[in-house]
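Presented sequentially are two complexes of subunit A, the first with subunit B as partner and the second with subunit C.
What follows is the complex of A and B.
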């Protein structure tokens, strides 16, 4: 059916309108409001004051660069571990038969039936200094001490440097998992792993696995085929998995709040503190803007670089084709 | 012996209760174009996958140039496959697809470029080198898949129904091209197909497979003219079967009494005795159907009888006549030619002479 182009364009608008309205009302407008708040002062009773640059001046706090850097570093760590764990998992699910696939994919989503806060709280119990994970950790440290303790100093130093041996005697009070950065990374990976698995799995499900056979047939080892054929084949899924983990990890504040103690304060906690405890909405807005900008700038740079490279590739492609054509004609 | 380049030695493969390949033994000569022909589920693809290294036989061994390759993984065999769906890497350009095996072999950059450019020229795809597989047509993808598998000169090239996804015209064109490529590279080709036409026109030898067993292994003409079994006779081309009992043996010939037809004579190369029952296969194009009796100089030894035309099917190249005699039907083919116009044309329910030479009947499966 070929309709009137004008009419079909109107239909297109009509279909897009609800989502446009939704995005405009609940995303674009609030974002502009948040940005506008940063150019206001605050009132002592928690309101938004007059137009001023006071908030931005306050933001020059020597603590903030370290916190921003920590947030980005920990988010990277969480993303890396999530992807490393999600890749083989998604690959395995995609290769299962459809019955098992449904069961396993379903059980990955199962934790979502329990509230997020409850699950993080459960981790708090599990990681408690009197809990079983902590005692496992201590046992592990003591076994290590027993294994490497008898070594002469210099040789032991080598193992310590490699991260295999303990540097000193085991001190239970100083070696807790709870209230450390390790706890934040561990529980963040636990929470965000399904968000990494699902997009990769969706891409892997569409992947033609006979391509891996073709690669093997042409002389590739299994891992080479996985790296050179499978990974590029599911690139889109991989990118969305990275975004699906990295973005919530940047804004995360419940996990560091409950498990990070004083060791691990992230930008999310600071924003929460300024907005709720200090009732300084402009300051919280400025922090949020700062964070968004510091994430968006590298992404924008990466996109610009990628586009430039694509253009360069296209030019090279044209040149190469021309070379081959001339070569073919002269021979 | 040159015939022992590639050897399947009592190879068996089971999938659960199904025996896909049942104690198969045969050998392929170096440089040969060898076909595995059979209906779907006959085990031909399983044989190919075992040779590629993707399946392991339950028993039996496979030897290539005197070396036992049965347990080698696919990447350690110098055997490449052209897959039915081509399996070109969608994230790589045509050039990179073809260079894949050369890069894996850690070849020098200049050498890779030379080889890839050469083979691109051979398949006449030089101007498409920097395109991606999704930008190519079916026939072009096919050529790239062949080039990719041939570029590092494997010992054997496996082709798994490579033309199945192409339309008729392109298939005919690719048949010729495959033949040319085989002549150019001199590599052993192992071709899997269910299409007897493809197998006949390309192969030096054909193994006809049925239910995991080799029914016959011969050259194309031998398989067509002298099928080893009823299955081979019916799978390769079109044929008429006359089942009956031998009533007389006269030197090299015997007389068979078939149900519904007068007794017919056939060449008795199987030395069958009186009283045995046989299936006689007579190809439709060997049978002549005429309104006039056969010329007397054809002799008294030929098979002649009168019958009625029941159906006429015009098929372009020839016309197929179905004649019927007490419930049994026979098909006969007649080409179209101006030279045949002087004969009166045959229509439905005509009484016609049906005749063929006794040597054109071939006895299969004497029971």
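What follows is the complex of A and C.
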């Protein structure tokens, strides 16, 4: 192997350099520039001013914290709905025979062959205040009002704060679904749902369903078996599904732009507004940094969890090996 | 054992949820009134369906010229970005597969991180770069941005293909006296071609569909199809033409994927036959 020119140092650099240079120049360097811009002030004519901490100080003051919180809350909501819908779907697909699996899994990905913007536009047309979806939405709000209406004030307040319950009685004129948070959540779930189904389905495909039958034979109720056997069995897929939805939801920009109106402005919209419309480059950079942090935290958590899991698996394997070896020695 | 009706019912509802907008895209391509986007007149009378939006697309009427221009710009950008990212993607995948040193771990991080970052962060950071070096945004900045986010996907697709690549073939070529270039073009490249094509197709679809990154780096007046559509309002009277064009694109993509499926399917049966 030593004489192989394919393994030489020079060949390595030759093959690595094109992509390394490109991504270094157009991905790593811009990231550093963004970070550097956050430590600059801005000039009135849209330029970048002197080095200062002005931008970070201004970030605490106006409505930014509310926007960051809103973005994280809506992303949680979207992730929750996507996972709740994706779990039974993935379960149903994994239980089909291989022919049907291929057909259904394929038809879940097929909508992606239509342009994303055009699909969002179709939703925009559907959600028009005169349309049938608007009346569905009003019914939904009334049912929700009835469901949460009996709760004591403080508990209801918690649900209202989480965006799950209405704060007051339903007013048809003020509750149009277009240009509201509900439209953003609905269409975000629509757009990201396939990304939640696919990882869970891939994990569920490898799951041994006879375990569920065994649990049921031992007297477990279906839902109990689903929760205690199926969910832990597919948690790897579940975690990637959560990341696959949560990350694009945090970075969401087109959906709130087209469907959220003035009601629902997320970090993504604010970044675009600051960068393109107000030409406040340092503020846009600082918001982008905040967004990167809110994306990196869940990723770091997932990586930490996976590493711990691997360590645990290795320990278990070592213990098992030791046990077998001792057993082998004694027999 | 008991089938879970609940999960099948949810799956059915979810499929309906996923397909309703697609059906609407198809239907709106035939809508007679482009402003109200309705098949019914104000008196509730059914107005029928029309082919006029499709006719406009093929004859290229004056009103929809910007739409068609943006569409061709999208095709050009996606085609060029696919070519360039396939070249970079292939070399990067080969490097990552063959060497496992410090350099490659940095390289791998650089390739991997763009995959997990939201698009908007790639868009804003590229805009910052262009601001910092004072480059006018336009066609070239769009192309650079598209190559940047496509490369990582191409690398990952080819790397997956390299996993079951038999490295002994290359050693055999060397033992038989072939040089590095000859080996690359005559042995490795043909074997990797399906992976490169798959990565290229992915890059093309990502590039042609991208709106977030493009809207940061397109500058004034240069629009790709998605950014043009997102700048249209609900009451733009050419909206049905957008839906008609999308229907055509969907049919074209389905045909393309169908053809490639049958081709690879034939290949696989041939290999199995051996």
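Convention: the second predicted complex is superposed on the first by the 216 of 331 C-alpha atoms of A that agree within 3 Å, B and C clash if a C-alpha of one lies under 4 Å from a C-alpha of the other, contacts with A are read in each partner's own complex, and residues count from 1 in each chain.
The rule we apply is simple: a residue touches a chain if its C-beta (ideal position, glycine included) is under 8 Å from a C-beta of that chain, and two chains touch if they have at least 3 such contacts.
These numbers come from a predicted model, not from an experiment.
Contacts of A:62 after superposition: neither subunit B nor subunit C is touched.
Once chain A of one complex is fitted onto chain A of the other, the partner contacts of A:220 are limited to subunit B, with no touch recorded for subunit C. The wider contact with subunit A, measured as residues touched, comes from C rather than the other of subunit B and subunit C. In the superposed model, A:292 lies in contact with subunit C only, and not with subunit B. Of the two partner chains placed around the shared chain by superposition, subunit C is the only one that A:85 touches, whereas subunit B remains out of contact. By the touch criterion defined above, A:116 reaches subunit C but does not reach subunit B. Once the two complexes are overlaid on the shared chain, A:153 sits clear of subunit B and of subunit C alike. By the touch criterion defined above, A:44 reaches neither subunit B nor subunit C.
Subunit A residues 213, 216 lie at the interface with subunit B in one structure and with subunit C in the other.
Interface of subunit B with subunit A (complex): residues 52-54, 73-75, 79-81, 83, 85, 87, 89-91, 93, 100-101, 104-105, 117, 120-121, 126-127, 129-130, 148-149, 152. Those residues of subunit A that touch subunit B in the shared complex are 208, 210-211, 213-221, 224, 229, 232-233, 235, 317, 320-321, 324-325, 327-328, 331. Subunit C contributes residues 1-4, 6-8, 10-11, 14-15, 17-22, 24-25, 28, 37, 87-89, 91-92, 94-95, 98-99, 101, 103-104, 106-107, 110-111, 113-114, 116-122, 124-129, 131-132, 144-145, 147-148, 151-152, 155, 170-171, 174, 180, 183, 205, 208-209, 211-212, 215-216, 225-226, 229-230, 232, 234, 239, 242-243, 246, 249-250, 253-254, 257 to its touches with subunit A in the complex. Contact residues on subunit A toward subunit C in their complex (touch as defined above): 4-7, 11-13, 15-16, 18-20, 22-24, 26-31, 33-34, 37, 48, 85, 88-89, 91-93, 95, 104, 107-108, 110-126, 128, 190, 193-194, 197, 213, 216, 222, 243, 247-248, 250-254, 257-258, 268, 271-272, 275-276, 281, 284-285, 288, 291-292, 295, 299.
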